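For reference, the structures are reproduced in the following blocks.
Consider the two complexes below, in which chain A is the common component and chain B and chain C are the respective partners.
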Partner chain A sequence: MPNGFELLQSLINGLGVGLVYGLIAIGFCVIYNASGIVNFAQGVFVMLGGMFAHTLLTRLGLPMLAAAVISIVLVAMVGVLVQVLVINPMWQRKAPLFAIILATLAVQLLIEQIVILTLGDQPRTYPEFTLGGPLKLGPIAIGYQLFWILGCGAVMVVALQLFFNRTRVGRALRACSQNREAAALLGIPVASMLMLSFALSAALGAAAGILITPTQYTAYSVDGPFGINGFIAAIIGGFGSAPAALVGGTLLGVVQAGAIVFFGAGYKNVVALTILLIVLLFFPNGLFGGWGKRV
Partner chain B sequence: MTLRAIISTKLGAYGYFAIALAVAIALLFAWVFFKGGYLLTVLQLAMIYGVFCVGLNFFMGYTGQASFGQNAFAAIGGYGSAILTVQYGWEPILALVVSMAVAGVAAVVVGYPTLRLRGHYLAMATFALGLITYDVSVQWTDLTQGYMGYSGIPPLGIGPFTVEDDKLKLVCLAVILALGVWVSSRLRHSRFGRALRAISSTELGAAALGIRVSRYKLLAFIIAALYASAAGSLFAHTVGFISPEVFGLQMVVVTFTMLYVGGIGTVLGPAIGAVIASLLPEVVRSTGRFQDIAYAAVLILMLIFVPKGLSTLASIGRRRPIKAGAEG
Partner chain C sequence: MTADSPSPALIEVNGLAASYGHVAALKPIDLRVEEGEFVTVLGPNGAGKTTLLRAMSRLIASDGKIKFKGRDITGVPTHRLAKLGIIMVQEGRGLFSEMTVQENLQLGAYGLGGSRDQVEGRFEQVFRLFPRLRERAGQVAASMSGGEQQMLAVGRALMAGPKLLMLDEPSLGLAPMVAAGILDTLGELNRSGLGILLVEQKAPQALKLARRVYILSSGYMRAELPAQDIKSHHDLARYYFH
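Let's look at the complex of A and B:
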């Protein structure tokens, strides 16, 4: 039986991972609300964020901030490419829902393999943004990266809320999510909005990947777990608002961290997926009842 | 009945095209059979995947539902066979049947709550089931031996007669696949199959016609699970070795590719797709990595441009309109 401090320590670690899940979940929601598509390749953006940042840092020797910004822009471009080359053609042909899901899964596999061929298959990591630490509170150690994740997460959620509520483009995106045809009749370029939602969602994923990599590692294969956990967080949050998704992610991260203490690290995904099944079956609209659409 | 009428009633939208394909595949078989070697193994695996796809076709093709977690049932079949024959020395046939029964029960337990979900939610829930099974097969080392997997699984056989020869194995697997396709064809044109296809076009309409939608969905799910489990067992007995990777996410993508290449919702499509999609990487093979890229790229292109698979080619120049794809 683990003692209280160990448990608390792993719960705090879980908080950081959970916030990152929350950011990924927001990425899911942005695309889903704009298009009704669940992009199963969301985890790819997280992986690419970490991999690009690492490559820019080590091979080109860029400073952290520049590497982060360039990676985010590059990944957003990948997101647009995925939308233009794969999603949009299927969308135009009115492909059935699960064909689109399958296509996004295939995109994930494709990008994974391309990353192996170009960047290699070895796991890698880079130092925390602020060196030194961890902060010691008695027997509990808190890495400085957690504060970066907290801070950046808060900034991004506030910025997103402002974007969706205060700007024309953000409102146009929300209009698309409510009724695409009506939005089109009002002169909103729905196709560009879809592209924008992929760019935004990819950028969010990349930011999450860049933030989390120093606390663990990144490799071509991390996209699967991140994508799935992000999706679970989105389901818990109810696919509605960004804060709900963030809370959902945090909950998931903390519960998973607790589960690692009790069942061992190997079963953390099993626990997360079991939570997913429970939420799907009993709270199909998310734990907060959100304004997620019924499917 | 004229020959043409017989062909079109027996084979649906396929007709002569399917016959031509079948002849081509038969010729390929003959060639591989006498040449032997590596391609024998490729075709053996194609037959096994074919069994899996014919089953998946019940749920995804006929009924129009999505399951991204059928690999879970293949894992049950594979591990069931491996454990029962290696640890407990059971007869392979008996192990196969018992594993199928276990998979069937698992499908009822899992499917009953899960199949209430629709669309993305069903896709994700089934996907989660597949991933849970994978993780458990890695972690529960007492039962599954983890990444090590099981080796030395005996070949298929009844009593003293075992199928050791590679050519004989291929023939046996082909017979089993043909049996599976025959069952699929019989069921497709039965009352049961028509009910499934009604559900695929519109659930509300099917319910209005007195079809118990949830019961039929569950039945289709169970049939798919039985086929998947049989495929898993066949894999174990044919290759003699299984590990968690065999039943991982790769299997989902590969089998979906086969289903889409061959033509989802048709009788022969899944089997033909399995053969074609198995040979495809042999054509582009240079390293293992490019094989995966080829799969993914072909799948994406098929999904975009020919979502109904090769059956689309068959219907070129016909007046019969292509039915709109099944809604998920």
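Let's look at the complex of A and C:
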């Protein structure tokens, strides 16, 4: 049996990962609510965020902030590219939704291959944003990166809420999620809104990847696990509001971390998928019943 | 422009036809609404009324030509029509049901861009017409009564400042009194110069308001008459069951 401190320590570690899952989950929601598309390439944005940031840091020697901002912009552009080159043509031809969703999976595999060919297949990482950690509280150690994840996560969620509720374009994006035809009839350019949702979602994923990489590593293959856990977090949150997705992710991360302590690391995915099944069986609309305003 | 047509129609549709797969729901039809005119299209269930309005607002593909104030707008996509001044209130109202009355109205003014004064002015105008909406400004659209929702749908359309308002069965599912109230308001709007194309199944009042009436049945335009020529429902029956 692990002692209390070990458990607490791993729950704290789980909090960081969970918040990152939450950010990825918000990315899923943004696209899903604007279009009904579940973008399985969501994990790719996370992976690219970490990979781009690493490349800019090590090859170009940029400072962290610059590397992060440029990576986020680049990944947002990748998101737009995916929408313009793959999603939109299918959308315009009225392809069935499942075909579009399948296409996002193909995009993931394609981008993975491109990354292997251009940046290589070796795992890599970079230092935490603030060096000198961790913060020691008795036997508990808290890496400084966790504070960065908490802070940046909070800022992003607040910014998103303001964007969706207070700005004209944010409101229009929500309108598209509720009634696309009515939105178009009022003059809202629905196709551009879908493009925007991909940019936004990709930027969120990239930020998540940049934040989490120092605590573990990144490689062409991390997109799958991040994508799946983000997706589960989105389901727990009910594909609803940004805060609900964030809570879903945090819950998932913390429970996973606890499970590792009790059952061993091999059970991490079993636990995640068990949570998914339980939520799907008993709370098909997510833990919050889809109450929250949709993002 | 020739001498005998001093000003072009507000909207003019020629040979408009639409189909779902192999089912031709709308046979080529002609239709026009003059500036400031109130025109009603009557037709029974499945006549093609919704198809007509959806084709006119480019929500579905169609053949034929559409001119707005003499300008060919056949290829203009849906989201560009609002800016021209063409707004449709959909069958079933098409509200953003999880948003508040206020937000729905605000979205109606999307085309105005950021201009705050103009948006405020429109709000006032809509609230004067439908005081109920002012009282309910913070309420979520889905939680309102059918009549209030229809007021919101019309109010939202007015926020865009349309020149042509197209409505698909606004009286559907409403108590006769409530429906009459909505139609009265449409009459009022028309008297202040708004062109209206109203689609209804059977509405004695829609006939009273209209200057001209088209009769649509099984996708065919059966007749175009001055409204006063239709005295009762019996007059319609012979067009419906051709």
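Just so we're on the same page, the second predicted complex is superposed on the first by the 290 of 295 C-alpha atoms of A that agree within 3 Å, B and C clash if a C-alpha of one lies under 4 Å from a C-alpha of the other, contacts with A are read in each partner's own complex, and residues count from 1 in each chain.
Note that in this section a contact is a pair of C-beta atoms (placed from the backbone, for glycine too) under 8 Å apart; a residue touches a chain by one contact, two chains touch by 3 or more.
Everything numeric in this text was worked out from a predicted model, so none of it was measured.
With the two structures aligned on chain A, chain B fits next to chain C without clashing.
In the superposed model, A:188 makes contact with chain C only, not with chain B. Contacts of A:179 after superposition: chain C is touched, whereas chain B is not reached.
Between chain B and chain C, B touches the greater number of residues of chain A.
Using the contact criterion defined above for the overlaid structures, shared-chain residue A:98 touches chain B, although it does not reach chain C.
Between chain B and chain C in the chain A overlay, the least Cα distance found is 9 Å.
Taken together, the chain A residues at the contact with chain C in this complex read 168, 171-172, 174-175, 178-179, 181-190, 293-294. Looking at the complex, you find that chain A touches chain B at residues 38, 40, 86, 89-90, 93, 95-103, 105-107, 109-110, 113-114, 116-117, 224, 228, 231, 235, 264, 266-267, 269-270, 273-274, 276-277, 280-281, 284, 295.
Per the touch definition, chain B reaches chain A in the complex via residues 60, 64, 66, 68, 113-114, 116-121, 123-125, 127-129, 131-132, 135-136, 138-139, 249, 252-253, 256, 260, 289, 292-293, 295-297, 299-300, 303-304, 307, 325-328. Contact residues of chain C toward chain A in the complex are 57, 59, 77-83, 87-88, 90, 94-99, 103, 106-108, 110-111, 113-114, 156, 160.
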